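These are the structures, in C-alpha cells.
First chain A sits with chain B, and in the next complex the same chain sits with chain C.
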Partner chain A sequence: MSNTSEKFLINLLDHGCFKSWTFSQDVCLTCGICSSCCPASGIDGFDPRKLVRMVALGLQDEVVEARWPWICTICAKCENVCPMDIDISNIVRRVRSLRDRDRVPGVLQKGVEMALKTGNILGLPKEDFIFIVEDVAAELAEEPGFEEFKVPIDKKGANILCTIHNKLVNTHTEDLKHWWKIFYAAGEDWTISSDYWEGCNWGYFTGDDMASKTMVGRIAENLKKLEIKNFLWCE
Partner chain B sequence: MADGKVLIIGGGVAGLSAALGLARLGLEVQIVEKKSFLGGHAIRFSCKATDRCVKCGACRVEETLKNVTNNPKIKVWTETRVINVSKANTFTIHLSKRPEYINPRKCTRCGACFDQCPESGALIQGHSNYNFPFIAIYEEKCRFMRDRSCCICQEICPEAAIQLDGNSQQKVYLADAIIIATGFQPFNPESKPYGYNSFPNVITNLQLEEMLKRESIVLRPSDNTIPKKIAFIQCVGSRDAKLNHLWCSKVCCASALRLARLIKSRQPEIEISFFYIDVQTFGRDFQAFYAAVQNEVRMIRNIPGDIYQTEDKRLQVNFYDAALAVTQEEIFDMVALSIGITPSSELNKMVELFELRLDETGFAFGSGETQWFSVPGVYTAGTASGPMSIADTIASASQAVTAVAKLLRQKAG
Partner chain C sequence: MATRSGFERWYPEALKKLGTYTVFDLIIKYIKEGRITLDKSKFDMLITYHDPCHYGRKAEKLFGHGYFEEPRWILDQCVENWVDLYPARDNQICCGGGGGALTTGYNQERIYYGRKKMEQIKATGATMIVVPCDSCHSQLNNLKKEYEMDNLQVKYLWELVADCLI
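Presenting the complex of A and B:
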C-alpha cells in the first residue's frame, strides 16, 4: 500500500466499534434475501443488505447518520429468512443506540421520555385509562351474546396478563373488542393492569436499552404483584 | 492383474464408474443398489449441448450404465441392502434383496401394467433404456402391498412376468474390498418461502433436468403449456448456516446456467431470469460461456424473498431490485430452485457397518483414502464425500479403483 489514497480508503474501512459486535454481520454472503422480503425495503432506497454491509465494513459515521436504520420496523422477517443467521434487528437497534438522543427522529424520543415519566407514551392518566376501557367494555356488553362482559382490571391470580398498544385506548378503541370477544368466548381468565399497561417499548425500538429495561421491569413487577404466571405481550 | 472381488455399495455414476474401472482390471465386481434402477440422480439429467457440447457429463452416465450392463464381470443387485458385514481375511457381507415382483427376463416393456394400474406412482420406470429391469413396483404406493386389494398388473401381464407375493432373498457375498458410493441427498426445499410442494409450478433443478431429458422442452407442470417466463433461484439449501449446510454445492451454477442456455436454444421465446448470489466458475471455457449467458439470460444478483401463487397458477416472485432500489413483484410462469447437495442418510448406516468417519459437514472423508477407516479395504467414491460434478465423480471413482488395485496387489504379495 504505497499510495496514500489507498491508505485512506483502508483506514475508512476500519471496523471501529462494530468489531466487538456479535451479530454475525461479518459472515454476510450478500445474497439479498433480507432486502427481497423486507416490507420496508425500497422506502428512501432502504436496502437491508447494504445496511449490514455498511456495518460489516465499519462505515460507522455513515450508517449512524443514515436515515435507513430508522425506516426499519424491527419486524425481524429478514433474520428469519437469513441463511447465515445474522441478527439484523439487533444490528439496527445497536446502530440506533449510537445516535445522540436529541437526534432521535420524530416523536420517538419524546415518547420514550413520556413513558419513563408517566408509564405510557401518551401520558394518559390512570383514571382516564380506566374510564376508556370500561366505556368500551360497556359498549361491548350491549352486543348480543356479550351481555355479561366486564373488563377485568388488576385481577389478582388471573391466568394471563395482557399489555395493550396505546392506539387501542386512543384512536383505535374498537380494536379492543375483537380480542376481548375471543377471550370471552374461550372463557379465558385474563386481566390488564391499571399501571404500566402499555406493551409498546420505544426504548427497545430506539436502541435505548436502559429505558427498555425500565419499561420491561415495570411489567415484570405487575406480574409479581398480581401473582400471574402467563404474560401476553401485545404491542 | 491380481484376482479379487469387490463390492460396490450404490449404483449411481460413482459406483458404475468404479465398477467399470475394476472390471477392466479383470476383477469381479458386485454392485448393490437399494433402489429399483441403476444410474442414481445423474441418469435423470439432460444433455445440455446447444450448438456444441458443453461437457456437462450427462451422456457419460448413460454410456457408463450401458457398459456396466453389458459387462460380464459386473453383477448387479438392485433393490438390495447391506444387512451386516464381518471381516476376517476377506469381508463377508450379508445382503437382503427385496422380492423380484417383475421378472426382468420375462418383461418385454410392453407397458400393459402401466396402462391398467389404478394407483398413480405404484409402477415406476427407469430413466434410461439401459435400466434392467426397466419397470418396477413402488411398494409404498402399490395396493397389493398395502392390503392385497389389487393385483391387476399380475393378471393382465401378457408374459406372466409379475408375481406380487414373492419372497425377499438373503445372500452372502465375499469381497476383498468395498467401495462406498452411496451418493447424496438432494435438499428438500419445502422449508424455504418458495411454496415448493404447494405450488405445482415451483420445481427443483433435478425435476427440470428430468423434464428436459424426457420431453426435450420445458412445459409448465400445472397445465403442460409452454411457459413465457422462468426464474431460476440459486443456492436453495446451500451456503446456509441455519441448516448447518455451510458448503457450496459446487455444481448448481454450471448446471443451472447450462439448463438456461439449453432452454433458450430450444425455446428462444422463453424469458429466463437467474437469481444468484455469485456465480461459481466452471470449465475452461467459462469466460466465453458466461459472456454468452449475459445476452440470453437476465442475471439478477439477489435471492428472492417470497413466492405467492396467482389464481391462474402463475407465480409472483418478490425480490429487491438493487439497480432501481425498489422491491419488484414480478410474475413468472415457472420457478426452478437449484437445491443443495446434502449428505445421504445412507452414510449413517455406513458409519455403523464400516466405522466410516464423517467430517463436520456430515459427508465422508476424502475418497480413496484408507487412513480414515479402521478397517483397511474400504473406500469411498463420488458425492458420499461431498458435492461434485459428474466429471469429478468419475475421477473420484478412478481414485478408489486405483486404491483397491494397490491393496489387492499388496495382498497378492
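Presenting the complex of A and C:
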C-alpha cells in the first residue's frame, strides 16, 4: 500500500464524540487479556477488547446500537487485568449514555423516570411505604427476643440512617428484618426515612449522570434535614 | 456504591459534616465493642463467600480500599467451616447480576454469564453462599435453579450475623 492511500484510509475514520473521551481507549495493545477473563466474551460475537477497539476507531453507531454494552455487568475484571489501565467500565457507561432513552433495554429507563418523578423506582407512595415497614416491624415484634421492636421512621438526630433496596419493600419484605435485628441487639439509635428511602440508583446503570446526581442529592438533603449523624452505605 | 461515589463526586461538602459506615465497618464495630454476641455453632455445613464487584475491585479503584478482609473477619466470627472460592478477592468472577443485568431483560445471556460463578461454587462443595449485595443475592438465587443447585442456600452477610445473634 502506498503512503498516499494509507493517509486516505486514515482520513476516512471519524472518531466522532469518542475523540474527546479520556478513558485511555487509544492506548489498547490488543493483547486480549480483558477478553480472556470476561464471562460475557463471545455473546453476540463481542468481547471487551472488541468494544475498546471499536471505541478507539470511532465506530459510534455500531457500538451504541449493540446489545453487548448492556449485557456487560460493569464488573471491572477486564480493567483490573488491563496492562494499559484502560477505563473500560466508564467506556461502557458512556456508551450506554449515548442510547436514545426510549431504547434503553428492559425496565431500566422506566425505573429511572419513576425514581425522578416519585422518589423511588417502584413509584411506591409514602403511606404505602410506611404501612409496609410498620407491618413487617409488627411481625418482627412477635419473634422471641424482639418483643419491644419498633421501626423508627424519620427520627430526627438519629445516630444512623440506612437506605433500603426497593425489593425489600416489594417482593422480599422478610429480608428487612436482618439489619433491624442487628440494630435492636446492638441498641443502636437508628432510623429510616419515609422520603427518598431508596439506596438503588439506576442512573448509574443507564449512564445517566444527571439522574444519578439528582437521586444522590435528595439523599444528601434528607440526611441534613433529619440531622443524621452517620449514614450507612447499604448498597 | 453508586450512592457513595455520587456523594464523593457531587456532594463532598455533605460528607464533611456526616459520618459514614460501610455495612462491614458497622458490623465489625458492634462485634468488637461487644454490642452484639454471636453463636458460632448455628451453622455447621460448609459455607463459601462471594466478593461482590463493587465492594472489592470497584471500591478499591473508586475509594482506595477494597473490602476483602472485613467480610472474611465477620465470617470467622459467625461460623467455623467456610472456604474461599477460587479465584477470589480482586480476581473474583462476577456473578452476572451487576450493572443492571437483572433489569435489562437479557435473561438468557445473564444466566449464561453466571456459569463460571456456579462452577466455582460447585467446586467448593459448599451448601451455603454468603453475599453482602442485593443484586448478587437475587442473581445467585436465580442461577441455582438453572444450574441444578436447588439445595444451595444464598444468605446475606447481615442475615448470617442476625441468625447467629445470641
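Criterion: the second predicted complex is superposed on the first by the 184 of 235 C-alpha atoms of A that agree within 3 Å, B and C clash if a C-alpha of one lies under 4 Å from a C-alpha of the other, contacts with A are read in each partner's own complex, and residues count from 1 in each chain.
The rule is simple: a contact is a pair of C-beta atoms (placed from the backbone, for glycine too) under 8 Å apart; a residue touches a chain by one contact, two chains touch by 3 or more.
Every value quoted in this text rests on a predicted model; they were computed, and no experiment measured them.
Engineer: Is A:I160 in contact with chain B, with chain C, with both, or with neither (first, second, both, neither)?
Structural biologist: second
Engineer: Mind working out whether A:D175 is in touch with chain B, chain C, both or neither, as first, second, both or neither?
Structural biologist: second
Engineer: Touch test for A:D47: chain B only (first), chain C only (second), both, or neither?
Structural biologist: A:D47: touches chain B, not chain C.
Engineer: Have a look at where A:P125 lands relative to chain B and chain C in the superposition and call it first, second, both or neither.
Structural biologist: neither
Engineer: Between chain C and chain B, which one touches more residues of chain A when both complexes sit on the common chain A?
Structural biologist: Tallying touched residues of chain A, the top partner is C.
Engineer: Once the shared chain is lined up, is A:E235 touching chain B (first), chain C (second), both, or neither of them?
Structural biologist: second
Engineer: Pick one for A:C31: touches chain B only (first), chain C only (second), both, or neither.
Structural biologist: first
Engineer: Which of the two partners, first being chain B and second being chain C, lies in contact with A:F205: first, second, both, or neither?
Structural biologist: A:F205: touches chain C, not chain B.
Engineer: Counting contacts the way the document defines them, which residues of chain A are shared by the two interfaces, the one with chain B and the one with chain C?
Structural biologist: Of chain A, no residue contacts chain B in one complex and chain C in the other.
Engineer: Chain C touches which residues of chain A in the complex?
Structural biologist: Touch residues, chain A against chain C: 39-40, 43, 67, 70-77, 79-80, 89, 92, 105-108, 111, 160, 163, 165, 167-168, 175, 177-179, 181-182, 185-188, 199-206, 212-213, 215-217, 219-220, 223-224, 228-235.
Engineer: Going by the contact rule at the top, pick out the chain B residues touching chain A in the complex.
Structural biologist: 193, 235, 239-243, 277, 301-306, 318-320, 322, 325-327
Engineer: Quick one: which bits of chain A touch chain B in the complex? Just the residue numbers, please.
Structural biologist: Answer in residue numbers: 24, 27, 29-38, 41-42, 45, 47, 49, 81-85.
Engineer: Quick check on the complex: what are the chain C residues that touch chain A?
Structural biologist: Chain C reaches chain A through residues 1-4, 6-7, 10-11, 14, 17-23, 26-27, 30, 35-36, 53, 57-58, 61, 90-94, 96-101, 103-106, 109-110, 112-117, 133-134, 138, 156, 158-159, 161-162, 165.
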